[in-house]
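Letters A, B, C and D mark the chains in the order given here, with residues in each chain numbered from 1 onward.
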Amino acid sequence: MRKPLATAIAIAIGLIVLLGYFLPGTLLFEIRLELVHWAVILTGVAVLVGVFNLFSVHVEKIRNRQKGNVYSLFLIATLLFSFLFGLAFGPDHVTIRLLFEAVVIPVEASLMAILAVTLIYASIRLLRKRLDLMTVIFLATAFLVLLGTAPFPFGEIPILGSLIRPMIVNVPAVAGARGIMLGVALGTLTTGLRILLGADRPYGSN
Amino acid sequence: MSLSPAFISGFLGFILTLLVFSYVLGDNPLFRITIYIFVGVSAGYVAAVAWHQVLWPNLFLPLITGSMAERLLLLIPLILSILLLMKISPSLSKLGTVPMAFLVGVGAAVAVGGAVMGTIFPQLRASINMLDVNAAALQGIHPAEQLIEGSIILVGITSTLIYFHFGAKPVPGGSAQRHKIIEGIALLGRVFIAITFGVLFAGVYSAAMTALIERLNSFLTFFALL
Amino acid sequence: MNWVSITGLIFVLLSAGILISLSLWRRKKPPTFRDIPAYTFLDKEIGLAIEDGTRVHSSLGRSSLLEPGSAASFAALGLLRRISELTSVSDQPPIATSGDAALAVLTQDVFQSAYQTAGAGEQYRPSTGRVTGLTPFSYAAGSLTAMRDENISVNILLGSFGVEVGLLTDTAERENSFILAAADGLPAQAILYASLQDPLIGEELYAAGAYVQAGQPHAASLQVQDILRWVFVVLIMSGAVLRLIGLL
Amino acid sequence: MSSVHCPLCGKPNPEELEECQFCQARLKPIMAPMELLVPESTEGGGSPEKVQDLLAGLAAQAGEDEEVIPDWLADLRMESSPDKGVANATPKSPEPGKEEDWLTALRDGSDLTAESPAARISESKPGVTGELGGVLPEWLTDLHEESAKEPFQPVVGDLTDWQTDEAAKEISSDLIASTEDYKKPASSSNADIPEWLAKFTAEQTSKEAKNQEAAQIESTIPAEPSIEGSEPMEPPVLTMTGIHYGIPVQDGGLPKEPTAPAENPPESTTSEGEKTSDLLSDLDKETAGPSPEKPPETLVEDTSAEIPEWLSSLSTVDRGFVETSPEPGAEKSASPLETLPSSSTPALIPDDEALPGADVDELLSKEMPDWLSSVGTEEREQEKPTEGAEIPLPPEQDESLTPAELPSWVQAMRPLEAVIPGLPLKEDGEKILEKEGPLAGLVGILPTGPALDSTRKPQPYGIKLQVSQIQREGAALLETMLASESEPRPITAPTMELSKRVLRWAVAGILFVVVGVSTFTRTRITPMAGSYPPQVGAAKDVINALSASDPVLLVFDYQPGLSGELDAAAAPVVDHLMLRGVHLAILSTSPTGPVLAERFLQKTQSAHGYQRGGQYVNLGYLPGGAAGILNFALNPTNAIRMTVDGQPAWKSQPLQGVHLLSDFAALIILTDNAETGRSWIEQAGTFLRSSPMVMVVSAQSEPLLLPYYESDQVKGLVSGLVGAAAYEYINGRPALGYQYWDSFSIGLLAAEIIILVGGLWGLRTSIRSRRKPEVDNG
């Protein structure tokens, strides 16, 4: 089904916001701010839609007795509790803060911590997956930078922390990062332009 | 030992941390339960924040207390919001296309504007300034040092950029190959990319290691409460 | 209004002009691009997934639509559409997970319109485009459980990710499933570089559409990028030399 | 029975199947709508009027289409067609002067015109006109696609997944293009055959006539054809049939009767049904998504520069006959679309014939192994003479037949009775005894009755199997493959999995034990670094310059997962801020930021006794990402109105006198994400004026944000635990950095050793596993 209205809206709004971006101090700039403000409101509404999506996916899982449906019960229970309680008393309420500190922070931090294991494991398997010069350079750089990050318990290797590490971080790494960032910006530019020209219509307009 | 909020928080944190760590050994039901609880709590929390700190102060409060002009203006996002809420129902979800198109339009414009003004121009300017020996001299950097460093960075930036070059000519066998000169420069670019990722990997590893240390320290803190 | 803003606007307009021209320009042969092994394998793996009766899982990251990372999500949506068209014959429709609510709504829209285009509108299920968490790590955690439970053999992690992407690649490896992954953030790219056999780097993320033949504008985008790339190289080199000799 | 290769899985399927029997992909995407057209138009050729109406309708619609198409779009569509038109018009082997009669030529031309669209469609390359639908913005393509609504839209609708949106539109738009052409033969046939047309057809024929088959076709046309009776509207119908069944045009069997074109299509479609899938499968192959590095090869060359002058001039004139609405781009009639209609038709047969032999091979060879594709070629080559034999021989050739010379062994088989006059010839049952000609005397040599109806030569089969080297290799390969399938394979996966799991456990064990022991024993043996990064000292200087009660904006932009690192990194900085007695306004662009901030202050800074609403205020969550930051930088009081606990934000004690961003004495950003850091620098940097910005970041973001410190946009930078430890060290106030320092150092050391050992081990294993196949092969 064709949705010319949706496409027209996406293009028109996009162009106004884009022009407002480049023409500060004009009316377009003011309009842009207002449009972005509305978009912020819409993202807030989208969060509610997203929570409903999460809820319904797991309800469906339970209803269809899919794999892992028992766990979905935990999710639905905690989701409903934290959402309804948070809605009623606000996210600053002591119970919500307690729940956040007791569940969200420890679990997230623990997931980050097991990333330490995952990363080391990945790095030692890397050469088996991909044996080439770049992999060797990658691992050697990581190794050198880690060596220069902190002194050993028994002392510090001279030059490494004070000269070699800063040199690697400040010169070739900055160069590579800038090159990649410029490339990413180019990709971002053309991807955004495709949407502003209506060539890509991810909002459901065929 | 008392059932103080700190104790409850410490106890739950301790148990959940252990359960998450069990994932290292392999997936297990206890890890699953932990994850689902975590996802549920965090989603509920974020939704509550969205209501209290986005929708209420930016939409509903001004609609109630704002001036007439403000209210009229906010009618548009209100209507768009109602349409967006239709996405909840599969049968009415088509109505939500317009607000999604609105969001996509704004998002694309923000992305394009950010890429040009936030990355491309500043990075180009910074790259051009790499050989500015006079400015370096003012900061007490020796011109020769600046010249060498700047040249390496310039070579790195350009070769990395060229590495991404996509255009190629088809060669027999069905594949495509770039010009030999581009391939040569791209190889140099790959070296810079590998070094950059090596540095970033070390940074991520340091962050993960600190998280591990913090978690293990939290055990100490909890044990101290017992 | 200053000259930088005006230059920016001119730059964007020029880029758009080149993009439109190249999109509409019909030439003898479609442009060819260098080989990117990850995309080459993707074709094959999707075919195998359909044969096996397993699912393709696409994870689109957690960028809000109002952040610059949204472009990565848009690129991923383009790939998702193509994949959903390709796999619409499968009795195991692909699933898409995301860490942003608006993005999840878009994945549903993409699925719906792709199925309709493929004449399989009845196959669409809203639950195939889902939010798995609304914070970065909860999104990754929710996605990793989906990766284990949903009979998935192909994982496409394309979008805006942070370090949490390491958990996803680790899970995919544990499940012995195929991974194609690219992120816009550099730390995430570093993790992918260390974890994957054929990592996609930086700009290669945005080439997804062109490499799965999503249409002429995607191919034209890559050409525009190539043109601008060389413009940048010339600008940087000449600007730096002029600055060195004091003319700029 | 011919087969259709599934475009998705590539496996052969019986032609009549609609879906692949292996993967259920749809095989005949454009059948349904075409079937609606074909029976009406082809059955006995009895209702040409109907056909005419239908096609007129199509033509009219195409005309309407043109009315609404803006000229630039029309131009585009024109540009898309030269590939087809020109290539079709390119004769293979010129042999002029074969057909001089302009009338015959004209008729011939019109007959062939009938077949042209089919051939055009069969040859249409993907990515031409049709791509417009897939690639142009909706607002651009709407008009273009409108024309396909009736009856072609269902075509698009019926396409399945394996045919991309784009490919579907290509086909449909090719059809649209052909419908536009239909009216042209009609109008030309109603005309009084002007001179230009005679010239055109003569030229056309002369070029095209070099092809042997084409010459034969022409010769079958009677001497007194009725131009009016040749039913100019028929041709498209034949075309549609051609599209439908994918019939190569030359297989259709050409009409023997003058009015045959209208009647023949059904016959042709059925008799050659076996070969019909070729074109469709060719189309499929093109649309079925070749791999990215193998873009679909063009079947025809785009040779817009090679458009013969006569062709373009013809199109210009031809256009005059078509009652189309004036089109802005019409004056550019040399452009491809106009060349398509009738002008391109004569060369279609040779082109079509050339397809399987050349271009299709090229396509096939990409999809199949060499040996397989070459088999296909050989088969096709074997078929060719057979096909040729089916075409009735022209009379001239009949007359020039010379008596056959029988080989000696046949001569020897002749019965004696036949050779010796007077001996009676015996007729043996049903077998007929030949009485004259070279076979005289032989019994049962020539088949009788139904056998005579067969137009096929019996295939000569040798006793010995004729196998080429390539086929032999292919067979051997197939045999090996089959054999390898049945061979038992050692099950290695579980072992691999186990070793991976053990490796993971080992890594985890080492790290947990080393860091755990260091943490629980609270050792303090690692020295601080001899030198600290200058950016840390700069951060300290900025904070040192602040006065008591100065408002400072403290942004908590990190996620809970990174709180371990960021809490440690931020602790000495915030501690220092509180020591200076500044007032803090806390803000976050992450929804989890406000609660993290409260936890941080409570966990690490409770000693300072800062009270919410007194010395600090929590402004809560600032939505909108970079846009939200800009909004806040422009007008803070408008962007955030209330604190996290619902109080009016800007009336609170810490924010007295703050109206602008520059009213803050400093901006301290705590973030794990370099993007967020950059957003603050870029959006808020200019609004800060002289107020300094200091960043406390995760170690992963340091290389990305360091350039901003060097360019002086950020006045100080503290990164990760190393930065924290350095800050604590130079400030003389140990905190989390100091507490974690030993564990950090030991943890890093363990990681370095594991990476080194693991890397070397991986290197060795990889090299060995690479050498192993070489040794096995060598």
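By our rule, a residue touches a chain if its C-beta (ideal position, glycine included) is under 8 Å from a C-beta of that chain, and two chains touch if they have at least 3 such contacts.
Everything numeric in this text was worked out from a predicted model, so none of it was measured.
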Most C-beta contact pairs, which chains?
A-B
The chain whose mean C-alpha position lies nearest the overall protein Cα centroid is chain C
Geometric centre distance via CA averages, chain B-chain A, whole Å
4
Take the average of all CA coordinates in chain C, do the same for chain D, and state the distance between these two points in whole angstrom.
15
Roughly how far is chain B from chain D, going centre to centre by Cα mean, in whole Å?
30
Mean-CA-position distance for chain C and chain A (Å):
14
In chain A, the residues touching two or more other chains are 1, 3, 7, 11, 18, 21-22, 36-37, 39-40, 42-44, 46-51, 53-54, 68, 71, 90-91, 96, 100-101, 104-105, 107-109, 111-117, 119-121, 123, 126, 138-139, 142, 146, 149, 169-170, 173-174, 177-178, 180-184, 186, 188-189, 191-193, 195-197, 199, 201-206
Which positions in chain D touch two or more other chains at once?
135-136, 165, 291, 293, 295, 504, 508, 511, 559-564, 591-592, 594-595, 623-628, 644, 672, 679, 699-704, 707, 721-722, 744, 747-748, 751
Considering chain B alone, which of its residues make contact with at least two other chains?
21, 24, 32, 35-36, 38-39, 42-43, 45-47, 49-50, 53-54, 58, 84, 87, 97, 100, 103-104, 106-108, 110-120, 124, 126-127, 154, 157-158, 161, 164, 170, 175-176, 193-194, 196-209, 211-212, 214-215
Within the complex, chain B is touched by chain A residues 1, 3, 5-7, 9-18, 21-22, 34-54, 68, 71-72, 74-87, 90-91, 94, 96, 98-117, 119-120, 123, 134-135, 137-142, 144-146, 149, 168-186, 188-189, 191-193, 195-196, 201-205
Touching chain B in the complex: which residues of chain D?
291, 293-295, 366, 501, 504-505, 508, 511-512, 515-516, 519-520, 561-565, 567-568, 591-592, 594-595, 620-621, 623, 625-627, 641-642, 644, 672, 678-679, 682, 698-703, 707, 711, 720-722, 739-740, 743-744, 747-748, 751
What residues on chain D touch chain A, complex-wise?
135-140, 142, 165, 500, 503-504, 507-508, 511, 523, 525-531, 533, 559-564, 592, 594-596, 598-599, 618, 623-624, 627-628, 631, 634, 644-646, 699, 702-704, 706-707, 710, 721-722, 741-742, 744-749, 751-752, 754-759, 761-763, 765-767, 769-770
Note: in the complex, chain C contacts chain D through residues 23-24, 26-33, 35-36, 39-40, 43, 47, 50-51, 64, 66-69, 82, 85-89, 117-120, 134-137, 162-164, 176, 185-187, 190, 210-213, 215-217
As the complex stands, chain C meets chain A at residues 1-2, 5-6, 8-9, 12, 15-16, 19-20, 23, 64-66, 68, 71-72, 74-75, 77-78, 81, 100-102, 104-106, 109-110, 112-113, 116-117, 126-127, 129-135, 137-138, 140-142, 145, 149-150, 163-164, 166-167, 169-170, 184, 186, 189, 191, 193-198, 201-203, 205-207, 209, 215, 217-218, 221-222, 224-225, 228-229, 232
